[in-house]
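The structures considered in this document are given below.
In the two complexes below, subunit A is the common chain; its partner is subunit B in one and subunit C in the other.
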Partner chain A sequence: MAARLAEEWFAICGGCEVTILDIGEPLLDVLKQVEIVHMPVLMDHKLFGQTGEDAEMAIPAADVGLISGGVRSDEHKKLAQEMRKKCKFLIALGSCACYGGIPALANTFSTEELLEKVYRGCVTTEKNGLPCEQIPTLTDRVYAIQEVVPVDAFLPGCPTTPEMVANALIALLEGKPLPPLANKSVCDECPTRREKKAVSILKRRFEGAEFVPGAPLTEMRCLMEQGILCHGPATRAGCGGSEGTPRCIRAYMPCEGCFGPLTEKANPMVDMMGALSSIGLDPKQIPDRAATFNRFSGAGRLRPIPAKR
Partner chain B sequence: MADEFEPLIIALCCNWCSYAGADLAGVSRSQYPPSIRIVRVMCSGMVHPNLVIDALTKGADGVLMCGCHPGDCHYQEGNYKAEKRAEAIKLMLPDFGIEEERFRLEWVSAAEGARFAQVVKEFTEQVKQLGASPYKQ
Partner chain C sequence: MAKTLVIQPVTRIEGHAKVTIQLNDAGNVDTARVNIIELRGFERFCMGRPVEDMPRITPRICGVCPWSHHLASAKACDAVFGVTPPPAGAKLRELCNSIAYMEEHILHFYVLAGADFLLGPDAPYSVRNVIGVLQAAPEVAQRVVKVRHMCAKMLETLAGKAIHPQAAVPGGFSKPLSKDERDKLRKQADEALELAKFSIAFAKENVFPKYLDVVKSLAVINTGFIGTVKADGALNLYDGNLRLMTPSGTYQDFPYDKYTDYIAEHIESWSYLKFPYAKQWGEGFSMDTDGPKGVYRANTLARINVCDYIDTPLANAELEEFRKNFGRPAQLTLLYHWARLIELLYNAENAIRLLDDPDITSLETRVKVTPRAARGVGCTEAPRGTLIHDYETDADGLVTNVNLIVGTTHNNAPINMSVTQAAKSLIKDGQYDQGVLNTVEMSIRAYDPCFSCATHRLDGKLSVKLDIFNADGKLVDTLAN
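This part shows the complex of A and B:
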């Protein structure tokens, strides 16, 4: 019998759904064994019955549930609870579901400030009332799925990697435990050459790295030591998959930190500020450090910055 | 007596200079406030900002970081690293809603027992002025 799969998306761009498609050929084998019962991005399955006849929102029962995106509104919260109720195994797909992701950068401001800015505060905006009819209310901040309902497995990444999604689905279909997340940092998997001392001051974001095109990565100097802000030291490894080398490094670009912090209680800002100052870079130059270093992990970590005394 | 606020201060002292300095303060019977809890570390350069931030967000009222005088480090340049990290820590404290004055970096050599007592006295007074940490329940 085919395994039943339900998928729901909340505050997200949709990139993680594209990642499922990106699995490529192995997806064909997986799809043979899977029956998709609910997936707003693919199929027209209404929450209150196909003609709106039901009073309660309902998602069909499923063996595996995937949720992408963080919780931003009451509707998301209710849907997350419904998914938890109906799915035997719930997976948080992508960094938004795992740690809040990019939408959680909004946690640096209060909801009132955000609404004021979007609907009234901009110079080019016609001052209007706030939308209030037949729309779900915003939550006070962006929540990761785990802060709302218990989650069985996490697949971080922005977007997450096709290999990870495929491995997770295949493992579930075979009734095996999911491969665990890596317990080391991106730096541990990075092949670049380290000399433990920075060569220059911090560069601007798009001043490129120095490297010989085509030469192996082991000959490139560590990007952080070149003065390029790389989130490797405070980011979980695993984006490289079976190949090992982190995805961004393969493209001679610094790590963006999309796999999130190493442990649940880690504070990436403190870790990164420590890493920067220990190799001799000036941490004062980082603009908006709280948001920069929590770019993908704002749920629970970012809060409105206290006013300066 | 019971009403007076007695701060809890964590002191991170390096093994080679400051801890020996604190020891000397004790051996020479120098008087200093009992607010301090000394943690011996091998070098002030190993004190990761995490240790300081953790202490302050989990209920300590102040953190004192002590190392060898510049140029005296047992590991050549550990205390220069400590200085850089201390800058980063001071930068981050306001982000956590903690006053900068709750953290201090001091150089204390193994021969400066009296100075260690003096530093602890001053710092305790400073933290007392600030009151209890905002993270204390």
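This part shows the complex of A and C:
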């Protein structure tokens, strides 16, 4: 019996869907064992019936459901509820679904303020107010999926990794529990050399890292200790997969925090301020710390800045 | 029996859209529209950020073409800082661009659009997809999955991360390429070239001849085109001048940072997406399928039309054959697929050429930059069309203004026109089924639209009127809908 799979995408870029395709050849085996019943990017199941004549949107019953993207409109909310109702096991796919992701940077503005800014730039002759027929209404902010419906498992990352998706799907097909998320930080998997002391004040990120081209990364000084803001200390490990080395470090670039906070309840801002201070760096040098330290985890963590500031 | 048909969601494309078709009492199509129903608001929340963070944030506009945003953004940063990357920096960026293109064009032809041709537009929807393709042509599918995966791995070798990379930085590229890595990539590029050669031969033998009638009739419209060419008129996807071609084939080249002199955008009532048009033609804007005004197209067919030639031999031979068959500019919408395969071949050849270039392993991949108050425009050809990132910064290099025009946005008007044409010709006397509606969707898929890209922004007009503005934002005309 093939397992039935449903996938939906909300406030997304599509990168997590491409990641599923990037599984490579093992994907072919997985596809043989699943029956995709709903997945807009790959197949043509429609929400209001195949010829668009149903009054209510419906998704077929499925064993496994995947949702990528955060909730940004009333329609996303309804679809999340429908997915929860129809899927036995629901996975939040990628950091947008898990924590809001980059689109949740918009949570530092109220929706009214967002639209107001935009309208000011566009047209002043008409004041037609907000949406409108044929276009869904925006929610007041970006929500992570579990803020709207209960979620059974999380696959974070921007995007998540092909390996994590494959391992999760294979475990579900075999009736086994999903592999747990790494319970450590990106720094724990980073091969660079650490001496617990910064050798520079904080630099802007347009300044490159010091490294010897071709030499192993174990010989490169920790980027944070070089004064380059790196989100490794407050970010969950796992992006490097079985190879271990974090993805951005391989390009001599700092972690930007895309795997989200260390734990569900962690406060990345507090964790990062502590990490910076502990090696002698001054976090106050960083403008807009809230949005910088919660860059991928703004759902529930970022809110509009009070007007007086 | 007047009624409204809603196709939601439009499937096997990137991002969110629906089609609303209004049937009149006779059961014929009054209007057909593609409603864009997603938005995220990047332009707003990018303001105030350090400009060097833009190449890290903006790829999240689109996970299917993250490299296009990454590179357009890095180029805009170069311009803001007033620097030129060293040869290796520019060539590593272009190499990544060509590899990302291959991955993307393979994805679209085989995984997204392919099922319509390999299984037929009327095939039941449950098999008319990549899994159906897998069963119908297992060997081809296996090879496609393997090479796509290999392209992702090649990008990881070059940049650590294939999707949402960080390696293109203001002033160049963060990671030099070692000779060992180059040698490995060179072999992989050969394998990609083989698939590119196979793909166009396969399509010319098994796909295009079978659907020639559909190609000649579905979603046919007459428009201008935009694309990037080098100074000598050769196709280029990373850098060059913009070329804006009229429907009759005359054209004008201009530097991309002058885009506001040539293109304006206006707003429709029923879509979150703006409609760019060629303001420089001085005819205003109209989506009348019989006599459009100001409408031009972007993406593969546009680039293949505007370039004088392609500077790699195999792709150029294909271009010549294509022109012999369809003329220049070719207008048939489904030829986007054919043009996509010519570009696939070009990118494979271009990747090999760049890997054979001794500059590519130079250790000098970036130059130092210093913040200043400036405006900088970066432009690349994204797979979906001309992509423009336009930033302004203050003296500290913090972003004060952002404007983004993405590939799919250029095609907003043409897609709507094509859907109107398709719906009007296919739905008569109230007769339609899921195959007919899928064929309407095929006219959208040809453009390989990415509505994630297109709806990065928050804008849109919400009345039921069409307002036309001049470049200064002044209302010049209002048409009742």
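FYI, the second predicted complex is superposed on the first by the 295 of 309 C-alpha atoms of A that agree within 3 Å, B and C clash if a C-alpha of one lies under 4 Å from a C-alpha of the other, contacts with A are read in each partner's own complex, and residues count from 1 in each chain.
We take it that a contact is a pair of C-beta atoms (placed from the backbone, for glycine too) under 8 Å apart; a residue touches a chain by one contact, two chains touch by 3 or more.
Nothing here was measured: the structure is a model prediction, and the numbers come from that model.
Aligning the shared subunit A places subunit B and subunit C next to each other free of steric conflict.
In the superposition on chain A, contact of A:165 is made with neither subunit B nor subunit C. Of note, the Cα-centre angle with subunit A at its vertex and subunit B and subunit C at its ends comes out at 140 degrees, rounded to the nearest 10. In the overlay built on the shared chain, the residue A:28 is in contact with subunit C alone; subunit B does not reach it. Contact with subunit C, but none with subunit B, is seen for A:102 once the two complexes are overlaid on the shared chain.
Residue contacts after overlaying the shared chain place A:222 against neither subunit B nor subunit C.
Of the two partner chains, neither subunit B nor subunit C is touched by A:91. More residues of subunit A are in touch with C than with the other of subunit B and subunit C. No C-alpha atom of subunit B lies closer than 17 Å to one of subunit C in the superposed arrangement. Across the complex, subunit A is touched by residues 48-50, 53, 81, 84-85, 87-89, 91-92, 94-95, 97 of subunit B. Touching subunit B in their complex are the following residues of subunit A: 267, 269-271, 273-274, 276-278, 280, 283-284, 289-290, 305-306, 308-309. Note for the complex: subunit C touches subunit A at residues 5-16, 18, 20, 33, 35, 37-41, 43-45, 48-50, 52-53, 56-57, 59-64, 66, 77, 81, 107, 111-112, 125-126, 128-131, 134, 141-142, 145-146, 148-149, 152, 156, 159-167, 169-171, 174-176, 178, 267, 269-272, 363, 366, 368-369, 371, 397-398, 432-434, 437-438, 441, 450, 452, 457-463, 467, 469, 473, 475. Residue ranges on subunit A touching subunit C, taken from their complex, read 9, 11-19, 21-25, 27-28, 31, 36, 40-48, 50-53, 57, 72-73, 75, 101-103, 105-106, 108-109, 114-115, 117-118, 121-126, 128-136, 138, 158-159, 162, 204-209, 213-214, 247-253, 256, 258, 287-288, 291.
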